[in-house]
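These are the structures in question, set out in turn.
Look at the two complexes coming up: chain A is in both, with chain B in one and chain C in the other.
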Partner chain A sequence: MAKNSNKTEENRNKFINDIKQGKVWGSYDIAFNTVNLLKDVIVNGDWQTAQELMVLITAEGRKLTRSLPMQASVGNMVRRVLKIIREEYVATQQNKQEDVDAQESLHKIVTSEGDVVDDYSKLLPDLRSSIMEHIGEFEMELETSADNIAQQARQHIHSNEIIMTLGKSASVEAFLKKAATERKFEVIVAECAPFCRGHELAVSLGKSKIETTVIADSAIFAIMSRVNKVIIGTHTVMANGGLRAVCGSHIVALAAKHYSVPVIVLAPMYKLSPQYLCSYDQDAFNSFVSPEGVLKYSDGAILSKVHVYNPVFDYVPPELVTLFISNTGGHAPSYVYRLLSELYHPDDHDL
Partner chain B sequence: MRIDGSTFIMSKRASKGLKNSAETLQKEDVVQAVVIVDSFKGGFHPITYFIPAALVPVVNTPLLDYTLEWLALSSVQEVILFCSSHADLIKEHIRKSKWNELASAMVITVMVSETCRSLGDAMRDLDAKAVIRSDFILVFGDMVGNVNLLPILEHHRKLQKQDKGVVMTMVYKEAGHGYCSRSVDDKAVLTVDSSTGRVLLHNKMKVGTKRINIPLETYSDCPQVELRYDLQDTHVAVCSPAVPPLFSDNFDFQTRDDFVRGLLMNEEILGSTIYWYKLDEAQYAAHVSNWQMYQSVSHDIIYRWVYPFVPDSPFIQDVEPYVFLRHNVYKQKSVRLGKGCLLEEDIVIGENTSVGENTHISHSVVGKYCHIGKNVTIYKSYIWDNVVIGDNCHISCAVVGHDSKLGTGVRLCKGSVLSPGVVLPSDIHLDANIVVCGPLHRKQSLDHDVYKQEKLAEKAYRLLLDETEYDSEDSGQAQKLCGLWLGTSGGDSESESEEELSASNETSDRASPVPDDTYLFFSEVMDSLTRGYDDKLHPDNLILEINSSRYAYNVSVREVNYFVVKALLSLPIQARSADSAPKYLKEFNKMLQDFLPILQNYVRNSDAQHDCLQALEDMASSTDTLHDGLSKLLHLLYEKDILAEDIIMKWYNSGDENSTSTALRKQVAPFIQWLKEADEESDESDSD
Partner chain C sequence: MCVNEFCVPRTLKMKKKEIEEVFGGILENEQDVSAGMAAIRTLLNVLERDTSETVQELDSNLQAAVDAMKNTDYPVTAVASGCELFLRFITLAKLDTKTFGECKSIMLHRGQLFLKKLMEARGKVAKLASSFIVDGSRVLTHSKSRVVLHGMKEAARANKRFEVYITMSSPDNSGVEMRRLLEEENIPCTVILDSAIGYVMEQVDMVMVGAEGVVESGGIINKVGSYTMAVCAREMKKPFYVLTESFKFVRLYPLNQRDLPNEFKYTSSKLGRDLSKEHPLVDYTPPSYITLLFTDLGILTPSAVSDELIKLYL
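For the complex of A and B:
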């Protein structure tokens, strides 16, 4: 067993290192690898009951989120797996007690809530296999999520529309390319300095024969009046429906608000986080990278005279978002709380 | 060769790691890094008596942790830590760290060689132990950086395919003028072939060096040559396995500079070439070798140039990440702040530190478990862990070591350094550039000859340089005692503190004469001549000796002429009590009987005669005896055919307007007059 836990630890360190070294990149890959890591714990871990397993998973999750505080999808996946364990525990237990009616009614939910205080400590022999089965389904859902979002493209993008986006998001790229197979439209890409990943997106769209224009970030407001829709990706969707998205998103969203242009956010379910942004830790919520893109290190004497910040994220409040498109369909920001309660168990919100 | 040091293998995974590598990887694929834990430069003297330089905390994290994290980030698989002094502390540190865990991705091997005194020794030891298998990354244990080293290694391997002789790729970063990220020790002009990136010349720019010589061959051989003086030496190098043997073959290679100079000079013989690599803009690497670099690297970390190695990122596992607030304030959650205390900007405060009421902190780093009293002002200072600072203290531009205690009302100014464990009683005021030491337990390692200790309190000794023992060879030691080298960091300061800093610059300069190469050369020549005169050595041997020291210190021909004449002139003053002009002349005349060949050897053409006259003038304006006897001296040299008449006349007419120069001219006027007359006479006699 000790060997197994070593193996897990080794895998975890490798995963953390891979992310830090930039070998694993993009929230989908991170989410996918996290689930694999947790599967490893479930298969090789030393546990008998669901409760023990949950303790193991929570501990693993805590270590991961501590090392990778900026990667919200890691924590989301841990919570999701915990939820799966809870569901499977209840389901297998109910199967065992044959007399229990499998069908849930509103009456039953209301009445049975109080008397069953389950501590997940019963020994269930089939639990491991059923959890693994459920996680397998969940992995399938993960794999198809990008495709599912792209499938909805033609419901949202119409002919001859002008779409604005910024930076580079894999979901947005797939979404636009999918739409381009059926419709003809124009895309304006804000370059998103100083990283200028918008350039990459523009090149990629151009290769797919989409009419693309790259603009400087300062031109966002000027161009916005001509735009029909803003479609952006996000890093995380906060519990209130706000976004932690690439720096510049707030400007785009505000400009869109001014011209009443709808803002559509592509967010697969694994980006949904039960965390809120509290006003007092605004700075802790962001991540500030090396100021190199803003000011050159070789600029010399000025470096010691100025403070230079290079934030990676923007917080976009929920009232600026019109619609979320997830792999399960479109949702208004006000509906996010409901999705959260479906995806995660309230006890797992704090890892 | 020194192989008597013990080797200590730490890794429990060594066998497993080897098995792994045999299974999945070819041996060449294992990325090896050699970390020389001791940089052998003594920039943190005398704090290095208490803790090794690699464990000096920069922004509350020991330097070694930055180095190792950085190597791990660059996917280095095997690290060889090479320790000499304080090996026990380093081993303990590694044992406690996460690198010792079984699941660690990096295997660390600690090698200890107590006798090792330089990089050269370390490399020779590595060669003897034959642990280097392929190209390796050579870094020091006190480095901070976020460079991904793999592309550099790739670059090095690509170069090897084109040029079999490539042994080293040195890594440089562009650093603008006016910013103090370049260490004063490391200023160098790099001459490179722009098309290939091969290093052609590497000229160190010591303090006071005004010019460098670049031979014509450098230009004629390469179509395009680049001269760079805007580079920060990161001290990162990718080396071929051939490097340790090269160090073994050449015993005089002590430092990396020796190695580079030696290889470039004997390129044809050794058949080895050196290349350079310029870092991308977003990448950072720096070697924290002295207090100046300590300060600028701390600044760069706080300003986030070293991202992801910033205090608010969780790169050290058992430390709670800091909270990053506006104006570059980093604070841990457990910090307790008193009422009315002001954290201005660029501040890091470690865990469980309490700050008293109305205390004002700016541009500073405060460690863990510190207690800072009320009404304290801390400005541009570095307070390490477990420090207690009493009320009403004033600390600016200072370093306070671990576990120190400051009573109430203590004032530390301008570059004071308190080593760990100092206890200062109340109301002590310390001025510029004072180094205070705690009680020295490791007496055996302290050279008492160099330091004089002045007792300030029970656990506080002020270190002074013992002037009597201080000679030119020890000028390096003088630097070491200069506290925070704020002075040389000119560009770093804000306008308000500029005056303060320049003041400290002056004091530090006065306290320690710069170890100028030419000055060293002069004293060498003086030594040779004095010895030669006393022992009646043959002048030819002396010339040989002077020439060899000329090459050693890299002094130009004209400087040699100047200094040799100067040395000859000052010899009579040194040797005997030549207190008056006649006595001096007599002595000089006597000496010239022996040394005339030397003068003749150096003062050959008109340029050299100019230098000779310059030396005469300089000596005469500084020494009274010479001043009085100048015209006689000129006459003597004229008679011995050392100085030609027209050169003397030219010199006489070229005087400046200042008083000493005109006074000198006046002094020699009779001789000039005589010269003119003699000239006319001879003309007349010719015409007759």
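For the complex of A and C:
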């Protein structure tokens, strides 16, 4: 047993280091690897009942989220797995599939006949296999999510439209390429300085024969009047339907609002986080990286005289978002709370 | 709505006074109890002491009690919503039991459970809201609200340093009372004039208000001046948070101020007079001005409130 737990710890540390060093990159890979780590805990961990397993997973999740506070998808995956365990426990125990709605509701308050608190402590022999099976299905969902989003491209991109996007998002790239197989349209890519990942996207789209124009971030507003639609990706969808997205997204969203251009955000379900933005100084909301891209170290003398910041994220309030497209379809920002209550158990919001 | 004095049976007339006394007694002796909660407790009290022998009689007695409470000079919105929930759901037990005695004991049991959950509600709301108060925040609040007070206490106990601005809130100047309560907790606060809302808005980080009632659209009914504050907060792009317990959800869909029932806007003693000359006591804040609602059901967007109410009254 001790050997197993050592191995789990080793895996976890490797995963954390890989993310910190940028070896594992992109929220899909992060989500996928998190699920694998948790699977390891379920298979090799020392547990008898669902309750013990949930304690193990929560502890593992806490270690991960403490070390990687910026990667919301890690926490999201931990919550999803916990929810799966809860569902499977109830299903195996009652030997039937039943929808367990754990969300507090006024209806429950007024009609309840006293609380029946289930502490998940019953011994269930088939639990391990049924949880693993369910997680298998969930992994399938993860794998196909990008594709599912891309499948909806046809409904949103029409012929001869001008689409604006910003930086590089894997979902947006797949979405645009899928649409290009059937329709002809034009894409304007804001480069998203200082990382300029927009250049990479432009090259990739160009190779797929999509008419692409790269613009500087400062030209976003000037160009917006000609744009029909803004399609962007995001890092996290917050609980109120706001976005934590790459820096510059707020500018795009505000310019779009000014010209009444619809803003479509591609967000697979694993990006939905039960987090709220309480204040802009909030811990773990933004991260500041090396300012090298803003002001080169070779600029010498001036460096000691000025402050240089290079934040990674922007908060985009929900009223600037028109539509979310997830692997399960399109949703308005005001509907995000509902999706959250379906995805996660309320007790798991704080790990 | 008003009970006609002449057709009320003698026994009930006695009761009416008694009910008013119980209801008023709770509100006066226990500062920490809101009108809605007091109403539910009064109804439970009526249910306990009731001697009627048929469901119909019990029903009409409870209804009479509700009317009696609505006729007092306490805020009626929360009373109305609390009582509606109580009458509809706690007494719903009558449909599926055999004897009247059985039925009554189930009602009492349910009622007590309901009350217990409601008592826990304020703590839950406070806990959610206190996480939004961070070090160095300046919060503007309106009038006196027990939930807001509770939330701020919670934040102060978590050693957060923040400052509160409270509107005086005429005509009853309840903001002064709110200041006293906050100062007891050593929370720095300033009372401002109602007309200074625009003046302080640029200095604050957020607005937190309570609510007397939350309507189906997700908007709120609250002490008059809340709407002014919400409009002002929207203009200056400050978040407008509402702290409220879920038993304040009411089935009402006002589109404007005029749609609010008169008994919500005026105390019962003023209802007979020329209302155009009277000051309304509450106003309606539409959902588009509300950023989030903190309730014991969790943090809700205004549109989630409709969802809750639909689930309830389906």
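To be clear about the criterion, the second predicted complex is superposed on the first by the 327 of 351 C-alpha atoms of A that agree within 3 Å, B and C clash if a C-alpha of one lies under 4 Å from a C-alpha of the other, contacts with A are read in each partner's own complex, and residues count from 1 in each chain.
We adopt the following convention: a contact is a pair of C-beta atoms (placed from the backbone, for glycine too) under 8 Å apart; a residue touches a chain by one contact, two chains touch by 3 or more.
Everything numeric here is computed off the predicted structure, so don't read it as measured data.
Contact with neither chain B nor chain C is seen for A:Asp126 once the two complexes are overlaid on the shared chain.
Once the two complexes are overlaid on the shared chain, A:Glu211 sits clear of chain B and of chain C alike. In the superposed model, A:Glu137 makes contact with neither chain B nor chain C. With both complexes superposed, B is the one of chain B and chain C in contact with more chain A residues.
Of the two partner chains placed around the shared chain by superposition, neither chain B nor chain C is touched by A:Glu182.
Contact with neither chain B nor chain C is seen for A:Glu342 once the two complexes are overlaid on the shared chain. In the superposition on chain A, A:Ala239 makes contact with chain C only, while chain B stays out of contact range. Within the superposed three-chain model, A:Asp147 lies out of touch with both chain B and chain C [touch as defined at top]. Shared interface residues of chain A (contacting chain B in one complex, chain C in the other): 281. Touching chain A in their complex are the following residues of chain B: 72-75, 101-105, 146, 148, 173-181, 230, 281-282, 284, 299, 303-308, 310, 312, 314, 317, 321, 323-328, 345, 491-494.
Chain A makes touch with chain C in their complex at residues 103-107, 109-114, 239-241, 276, 278-279, 281-282, 334-335, 337-338, 341, 346. Residues 6, 9-10, 12-14, 17, 20-21, 66-67, 69, 281, 283-284, 288-293, 296-301, 303-305, 307-308, 310 of chain A are the ones touching chain B in the complex. Contact residues on chain C toward chain A in their complex (touch as defined above): 85, 88-90, 92, 110, 113-114, 117-118, 131-132, 134, 137, 205, 246-247, 249, 291-292, 296-301, 303-304, 307-309, 311-312.
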